[in-house]
Every structure is written in structure tokens, then in C-alpha cells.
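Shared between the two complexes below is subunit A, which pairs with subunit B and subunit C, respectively.
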Partner chain A sequence: MSDPKRTSRSAPSKRTSLLPSAPKPPCKIDPAATIASSTVLAGIHPITIAAHAVLHPHARIVSAEGPVTIGEGCIVFEKATIGPLAPSTSTESATITAPPSTILGKNVTISTGVTIEGCAIGDGCVIEPYARIGQGAKVGRYCKVVAYGEVPKGAKVDDYTVVYGKGKRRVDRTMKEWGEMRELKEAVHERQVRGYQGLIPSNIAKWS
Partner chain B sequence: MAQNPLPYTYYSCPCVNTSAPVPILAANRKHSREQPPTDTTEFDNEEQTFDSRSPRANLSLVPLEHLLWCTECHQMRCARCVLEEVQCWYCPACLFEVPSSTVRSEGNRCTRSCYNCPICTSPLTINPMEDPRQEDKPEHATGPFIMMCPWCNWSSLDLGIKLEKGTNVTAQLAKIRNGRKAGKIQDAEVTSPTQEQPLSPLAIQHSSIDDAEAEATSPRPDMLSTDHDELFTRLRNFYQQQIVESSEASMFGPSFSSTDGFSSPSAISRLLNIYTGKKTKRTKPVPMREALSPSEGLHIHSPADDTDSLTCLSTTPWPDTTTTAQRALQPGDHAPPFTSDLWPIATLLRTKRSKRCRACRTLLARPEARMNYRWRIRTLALNHMPKLTLLPLATTTTSSGGMPTLGPDLGTPAHIAQRASLSAPLRTGQTHTYLLTTANPLEDVLSVTLATPPTTPGRVGTRVTILCPQFSVGKNSDVWDEALGAQPAAASKRRSGMPSGMPTVGEDGAQARVAEAGKVWASGRNWTSVVVEVVPGMLPEDASEEEADLEIAVFVRIEYETDAAGEEKAVAATAKEKREEAFWCVLGVGTIQSTFA
Partner chain C sequence: MSSSRPARKSSKGDYIETDSGNKVSRKALITGTPNITLAGRTVLMPDVHLRGDIVRVRPPPPTTTTSTTSLDPSSAATAKPSSSSSSQSTTAISIGKSTIIATSTILRPPARLLRGLLQPYPLKIGEQVLIGPGCVVESAQIHNHVHVGARCVLGAFSVLRENCRVLEGSCVPAGMVVPPGAVVAGRPARVVGEVGEGFGVDGVGEGWVEGGELREVVRGIR
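Right after this comes the complex of A and B.
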């Protein structure tokens, strides 16, 4: 920018068009979703984002190796990465023909810095900051993975499980046995979504 | 000590030389009019070099920031040579202070609303169970409330507990618990005479804000419970009765060893009988018997309990059983085998302690009362002793030399770069140069003498030379004095892009500067840097990790004259007092690279 000739030659609006931008992934985004303009959606496989989902700035959805589906009312925080990895070249790839996919259920919270590989996460789960869910894992409903927790590749986590400590698990009896607590959680989540909808300027047009 | 971030300087507290942590150099510190110095111990100390690897030394090497200072002994004080006094107890969660008398009577746990998770020990939060969507929400949460763990999601609902209020949880819990106990007893009456161990009252003993009230409100106080405390009370009553009965029967029976002793009316009447010679009918002593009924404290263990527990255990998955740690944290004798019975743990209180010098009992640190973490008094060694810092003599043109570390200068990029180069391995036989900076926190000019053994102890034998072991360090005067007084010099330096007062190692032409023996490298307002040359020795093939880490022991002796004012007499205010202090410190340099690797 110190060179005056260069700045005069290319206006900022033109320069962005000159940049080799990454190809847009095929997206199916509900108009009621909130996606910040600095959210990254990349890849070649379809990305589906349901209503009332909130993608924070700098969240990354990468469908390079398989499709990604984000359920209704999900919140994905900044620096979280969601997207399946390439299928391993071992024997299993021969049997599985479909590409690995990532599916988030309803009202899932993906916190800052979380890595979600090609796995399925059930409704109402909370994945706390910097946790990691491995490829092929199946996380049930109303589960919680605490900060820096890890669900290894291909692991199965039952409904209402809290993954905490060094691979410890316990059943969240409060959620399991008390329907009113589940309702309460849903209400709190909805309020949170509404709050973010008011705070984050949405830019869905960028992706459709 | 590879785990320590380099560079480090540890100070050796003089209490290292004594098995009882009493300073031996105390006499010399008070180098004064009333007492001639007895230098023998100090000379001994000087002649014998300090080995930072000796197991003993490890106990006394402390960073300067951790040391306190005794203003009477003029000596540093480490954790080993201070006396601690509990000043008060407080709850770490709500910061409320608890008087010692309350701690003695009610136990060392918070009696307000502070609890920890029984599964993972995180502090529990108390949340209202109300729908946030509710439109006509009252200003204050109405409840019911539950206790929740923000980490592992345990909640008081796991015990089926909802609280009416968000405050005074302890009393509410105690009430619920007593209610449950009573309920269990009723069940016991109906089903079988013996029953599995109910929740213990000890659990709520320390949370007994209204234990008595709760006791009174428990539905059937006449009921015979099998709980620990009541059993004990009944047994004690029974045995006391037994002692009385059997001693009444036998003249000099066990009554004399019992609590009644000679002063009890029965004993006196018996004695009178002996002296008056009246023959009473001697009844045969009734032997003491054991408790026979539940009212006497008998509790028969039923094998059915065990079988129940065993069947329960065999059907319960492993994660639902409690760990030893979890059981140990449970209050009182309540040690449930299953996680579903775990009760929240009242937060343990902590103490605020004041610290005194072990030698002279001077107060070194005293925490502020009231709800905060501040100190009312705290004399830090940091403010009374020169601070030594070792940094590599930078050879790059951008960075500067050693800096006084009293300011916030350690965060500058130059210093970070130096730290990086400091952690680079040392090579055998190569000369590495370092700057040793002595910073003076005192308001008097220091004359410093440094000494170090020419080769480090141990097998490696690194050669160490302090090029200028004797120098003086300016006083810690007002920063503005320097800024205003040294205007011209500072201005000229600033023009060349260097901040004032910085030793200018990297300037053009100065790069070729060679450290000279006997000359100070650089100095500033209250600091002086001298060059130290280090030639790492040969690492033996079987060298341990610890041997590869290079530490230099330096003996520091400082002399200064200070105003005697404020110490003893106001008359002597004008008189200057000469002080001398000496100590060992250890400089962590880096890791010697093994030539065999």
C-alpha cells in the first residue's frame, strides 16, 4: 500500500474480484439461518444449513471430503471447524461407497475452537471449547463433551452422556430423568439463538 | 532443573545451613554499634562454596519474588524460616470470614450456600428452574432452585432435591436430610428391625445453622434411629449406667476408676459405712453386661444388608459406583457405594495467615481482614535485596544488552529474543558471554562484590569468569531525577533510536566492543551490568539430565551506608549506619549439549 501507483491502479472493489476466490460449495441455506460474512464455507460437497442456525464469524464449514448438514437452531462459534476428513485408505473405504458426512442435530452448540470431523451429533448436545469429535463417531442426544475433551474416532456416545476428565463418562441423570430440564435447556438455547441473531449481521446472500 | 523457564535466578536462604531453621548469620546482619561482628560463621560460610546440586541446597533455593524480608534481622526469609499464624478462616467461594470459635464448634466448612460437586468437586451453582420464555417474569427468581455442576452436569435433582430459596442452602439441605432420615426410620419400623445405614447426621453436623430446629421439626423424635450418632449416645448412656450399677454392688469396684470417683454420694456413703463399722449385707457384685436391646444401643448387623449391596453392585454399571476419592470427600461417615447417593459437599474453609520471622518474631506479612485477598503488611525481599539477572550478551544489532528488571522491561521483543537464545544449547569448549545485571531497589548506593568458583562443582567443570567482580550500583532514586538530570545525554541517545538509559550494545561500531576485565559493561540509574564468560565443560558420556543443565552459584556481598533513622533513636538520624549483607544465589544458564548425542 506504500506504493502510490499501485493503489491508484486498482480500486479495492476491483481487487477483490481479481482475487482467485475459492469455488463456492453447493449450499442449501434456510433463509432464517444466520451466517456471518467472515464465516468460511468451503468444499465441493453440499452444505445444508437449517433454520435458526447461527454461524459465528470465522467458523469454518469444510465439505471438501463429504457433505455437512447443520440442524435447526445450531450455534457454531468462531474458530470451530466442522467437516469430515478424507476416508482412510484402509479396508473400510472399499466397503463404504458414500463419502463420510457430518451431521449436526437440532440445537447443538459447537463452542470456540472445536473440531468436528465426519461424525453425527444428536439433538441438544453441547461441545465445549477446543473439544474434538473424531471421524465416524456417533454422539447421542443431550450429550456434553467438556472443554478439551475428546471423543475418539468411531466411538459411540450414548444419549445423555457427559464426556469429561480423561475419557471419563457419566450419565447426565438430570437431563435423562427430568423432562422439564430438557425443556428448560431448549428455552435457554432458543433465547441464546435470538440474542445472536440480533448481534451477528447475516450475509446469506454471499453463499447462495 | 530443566523444567524451569530460563533465565532464572534463585536465592539461597541462609536457613539452608542449619538443621533447625534459625539463621546463623543473624549477628552479622545487625552490623552495628551495640554488637561487634562475630565473623567466624560468616567466614566459614564464605570459604565453603555453595553447591546448587547438593540435596540440601534444593530446599533453600527460592526465586526472589517468593522471599520475605525481616527488617529486624536484615535477612531474607523463606517459607522454611517463617512462622505462620492463622489469622482467620474464610470461605474461598463466598469470601465470608468465619471466626475460629465457630470453626471449632461447627467444623471447617462454609455454612452458607457454598457447595462442591460430589462427582468432580467443582463449585456448584444455584440456578432457578424457571422458563426464560415466561413473559410476566418477576424481578427476582422465584424458584424452585437446584444446585448444578457446570462441569459434569451433576445436579441436586439426581438426589431429587429442589430448593425453595436460593439462599441459606445449608439449612434447607439439613432439613431435607433429616426429613429423609425420619422417613427411612419409618420404613424400617414397617419392614424389618434392622435397616441399611441411613444418611449420617455427621454430614450435617458442620452445617448445623439450625440443626436443633431441624431436629425439633423431624416428625418422630422418639423413634429409635439406627444412625451413627444416636447409636453412640445410647451405647454411652447404657455403659455409664452399667458402671454405676456394678460399682454400687461392689465396694471398691470399678466405681473408683469411673467418672463418679470418690466424690459421688454413693462412694461417700460407702466410705462412711466402712469407718462406722456397720456391716452391710454384702451383695454379690453384678457383672457388667452388654447391650441387649436397640434402646441400649444394640445394632445387629443383618447379612441381608450385605446381600442387598452385593446384588445391587452386581447389577450396577461400574461408572455408577463411587470412587474412593468421592467417598472420602463425603461428609461424616456417609460413604455410599453408588454415585446416586452422593451428597453435595460443603466448601472447605481456608485460612488467612500472618507470617513472622522465626528468629525475632517480627511480623513479615499480615493479610487484610474483610472480604479480599490483599495484604496489610508484607515486606518483600524484592524491595530490600539487589536483583540479579543473567542474559546472554546479544550479538545481533537489533537487541540491547541487559536491563534493570525492576521495570516492566522483560516483555520487550528484545528480551524475548534473548530468552530464546538463552535456551539454545551451550557447546563444550566454546566461550559464551553473558551480562549479569544487578539492580538496586534501595535508596542507597550499593558496593557489590561477586564471587564464584572458577569451575562449577561436579564432573562437568564449566569454567566461569566474572570479568568485573567489584562494582557499585546507583541508588534507586526517583525516576524523574534521572529523566530531568540526565537530559542532554538521554536526548542524544534518543536521537539515535535507543531509549534512554539502555546499554547500547548493538549500535553501529559498538558491535565490535570487547568486554574488558575489571570494567563495568554498562550501568544506569539503579543498575549495573558486568560480563560473565562461561566455557562449558565436557559432559561425561553417562551424564544425567541434571548434569547437563548449567547452573552458576554466585556469592553476593553488598555493602552500603544508610540512615539509621527510624530504627532505634531519632537522635541518631544523622548518623550513617554501615551495613553488610551476603548471600548465595544460583543462576540458571542453560543446557550443555552433549557431544555424544
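Right after this comes the complex of A and C.
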């Protein structure tokens, strides 16, 4: 009670932190992107966010170990972590000399709690809750990693693959053989992006 | 969590208790508060995400003035009450009495495309439901006395009926309807059995049983 900074009982959200705010990473954000105000962008390497990307509240984009690029129309849900984390790089993958960059293609959906560590993900992929994509992995186009699925370090996932179970894979032939399906999926994704853009108040100014 | 550590002395508790007995952790992450209904004696533990902002927004006023003029007054008259009622009924998440949402669980109302627009649907959770830590809930409805284990993923528009039990680490696929009294498990979740006869029936002096009344448990949380 003696500390005047801690007595704001009515409005705890307005209490300012005593710590100095973390330095902003160098960001290049398209004005058409949607970034919720409680999304976290952190790190020292550049972060590029393309147009119509939607970052939900409490998503984390970390560029501590390498640059992060988020493609057009990506949806990143809450608590997803995109970007290589410091411990995994320092302990195991000493062979990688260049900073591991994380690249999300166009129209990628990253669901809740997903961890993505320095890898490339192709267009139209869907990564379901709590999946893990290891460092240096390459995920092709229109892939799907189901809930709790895991793509190990440095693995390569071909186009149209579904990763499920304990490292099992199969090819989504509907997606592979029917161009109309892919077009439909793209159209649906676009509508989803538009819907979320209307729901989530964007706060790009905070990061640029 | 750690019983060895002495209880932290703080003038303000870790939970904010409302008039109706809801206990909401100060560390719960809640967006869109006006669209969330807690019935009373509901516990939201730390790091619980409630996405109340994913709610059906009122459709934009009809701009099609091509309709005949004779319809205009009636449409204007009907538009007003409907718009006011829709603004009142925007509920994203409703949680019943004595329900506990454990740590790091995410409740996100499901959404799907309807007539070319993304339409979120309300996420309804019944009474005496326990949702374990680390779950992702996108269900359309969870009925009363449901027990969901830790680290489950409940897919979009799934429905969990009364007295069912989801074992930990399961992934209930999108749109699945879990029948009453079923036990489901696995990735993807399948019905693996039925709950016993005593499910949810409180024994005498045995404390809490799965699916049972959570009132005493809620009372113990502070």
C-alpha cells in the first residue's frame, strides 16, 4: 500500500511496468495486416508480415535467432510461437551456421499452441493445435499437420502430405489431383481472413 | 502447486471473486469480456484464454434499396427490434455453474462460413464441467457433468453430451458428437467405453469424484 504505483485497484490494466520495455524488433508490416495488440513480436532479426495476415491475441513471433517472414493471408492463432527458440539452437543444431530463418508461405493457418522453429512452410498449409515443426524442416504446399503432430528437425514433408499419429504420413490425393479443391480452399481461407479482420482490432502502430 | 512453499501472503488474492461466486484468476487472459457469461461459482484458472471477441457481428444494414417502396416501412420496423435483440444476444462463451476451467486452457468459439461470411457460433459449457489443463476447446456445446482430461483438443463444432468423459491427451475431431455417458480417448478420439454406474455420484466422505458435483472443489479454490 505504501508503494504509490501498486495502489491502482480499480484499473490494474493501466498499471505501468517498472521494467523498461523490451526493444522492438525491426519490423516490416504491411498496412493491410491485422495484428492484435496483445500479440508479441520479439527478437533482434527482422520480422516481415505480409498483407492480410492475421495475428490473434497472444501469438508470439520471435526473431531472436533468425529472421521471420509471414506470408500473405496467414492466420496465426493465440499462443502459437513462430520463430526459432534460443535453447534449441544452442544445444543441438550447432552445425547450422547461418541464422535459421522461418518462412511461412501464403494462406498458412497456424493453430493454437503450435511451435515452429526456424523452418519453411509452404502455401496453404494447416498446422493444427500443439503441433511442432522442428528446426530446418521443410513443409511443402497444402500440407496438414494434425493436432500434436510432429515434424522432426530437418525433415522434409512433400506437397499435399498429411502428418498424423506418431510420425505417420499419407498423401491427400483429393488436394493433389483436384485443382478446384485447392482453389476452393483458397477462397475459404480468404473469407476466413476477412472474417477475422473484422473481429480483431488491429494495432499495427504499436510495432512499426 | 508446491505444497512445501508457504502460502503467499498477499492482500489481493490470486482470484477475483465476483458477486455470483465466479473466481477468475488475475492471470486469465480474457478478450471480449461483454460477450462472456459466467453463471456463478465458475473458476477460471491462470493463463486461461477466453476468446470473447470471436462473436457474431451484426450484419451490416441492408444496402439493397432495390426492393419496392411499399416494403420499406415494414422492413424498417422489423429491422429495429431485430438489431437491438441481436446486440443483446451476442454471447460468445457461456459457462454454467460450478464449472472449472484449468490452467492454460483456451476456449475459442467455433466459426464456419455461412453464406460466404465467417460466422462464429457461441461456445456453451454446462454445469459441473471440469476441463483439464492445457486443453483447446472449440466445441459447440459441452453438456453438464462432463470431465475433460488434460491436454485435450476438442475440435470445432464438437458436442460433448451429459456425463461423458474425455481421457487426457485425446483429440476430439471437428463435428464429433460424444454420446451421453461415453468414454472417449485417442487421436482422433473414439468411443472406448462407457462410464461406470457410479460416475458422478458423490460418495460419502470420499471427496470429489470425476463428473461429480464441483461445488466443494470450487469453494476450496482461492
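Here are some notes:
Keep this in mind: the second predicted complex is superposed on the first by the 176 of 208 C-alpha atoms of A that agree within 3 Å, B and C clash if a C-alpha of one lies under 4 Å from a C-alpha of the other, contacts with A are read in each partner's own complex, and residues count from 1 in each chain.
Operating definition for what follows: a residue touches a chain if its C-beta (ideal position, glycine included) is under 8 Å from a C-beta of that chain, and two chains touch if they have at least 3 such contacts.
These numbers come from a predicted model, not from an experiment.
Once the two complexes are overlaid on the shared chain, A:E78 sits against subunit C while remaining clear of subunit B. Once the two complexes are overlaid on the shared chain, A:W178 sits against subunit B while remaining clear of subunit C.
By the document's definition of touching, of the two partners only subunit C reaches A:R194; subunit B does not.
In the superposed model, A:V146 lies in contact with both subunit B and subunit C. Within the superposed three-chain model, A:T112 lies in touch with subunit C and out of touch with subunit B [touch as defined at top]. Of the two partner chains placed around the shared chain by superposition, subunit B and subunit C are both touched by A:G165. The partner of subunit A that touches more of its residues, comparing subunit B with subunit C, is C. With both structures placed on the common chain, the touch criterion links A:P57 to subunit C but leaves subunit B unconnected. Comparing which residues of subunit A touch subunit B with which touch subunit C, the overlap comprises 146, 164-165, 188, 191.
For subunit B in complex with subunit A, the residues that touch the partner chain are 119-120, 129-133, 146, 148, 151-155, 157-158, 319-320, 339-340. Of all the residues in subunit A, the ones that touch subunit B in their complex are 144, 146, 162, 164-165, 168-175, 177-178, 180-181, 183-184, 187-188, 190-191. For subunit A in complex with subunit C, the touching residues are 1, 9, 12, 38, 56-58, 77-79, 111-113, 128-130, 146-148, 164-165, 188, 191-192, 194-196, 198-200. Taken in their complex, subunit C has these residues touching subunit A: 11-12, 26, 29, 31, 49, 51, 53-55, 57, 106, 108, 111, 113, 116-120, 136, 151, 153, 169, 171, 187.
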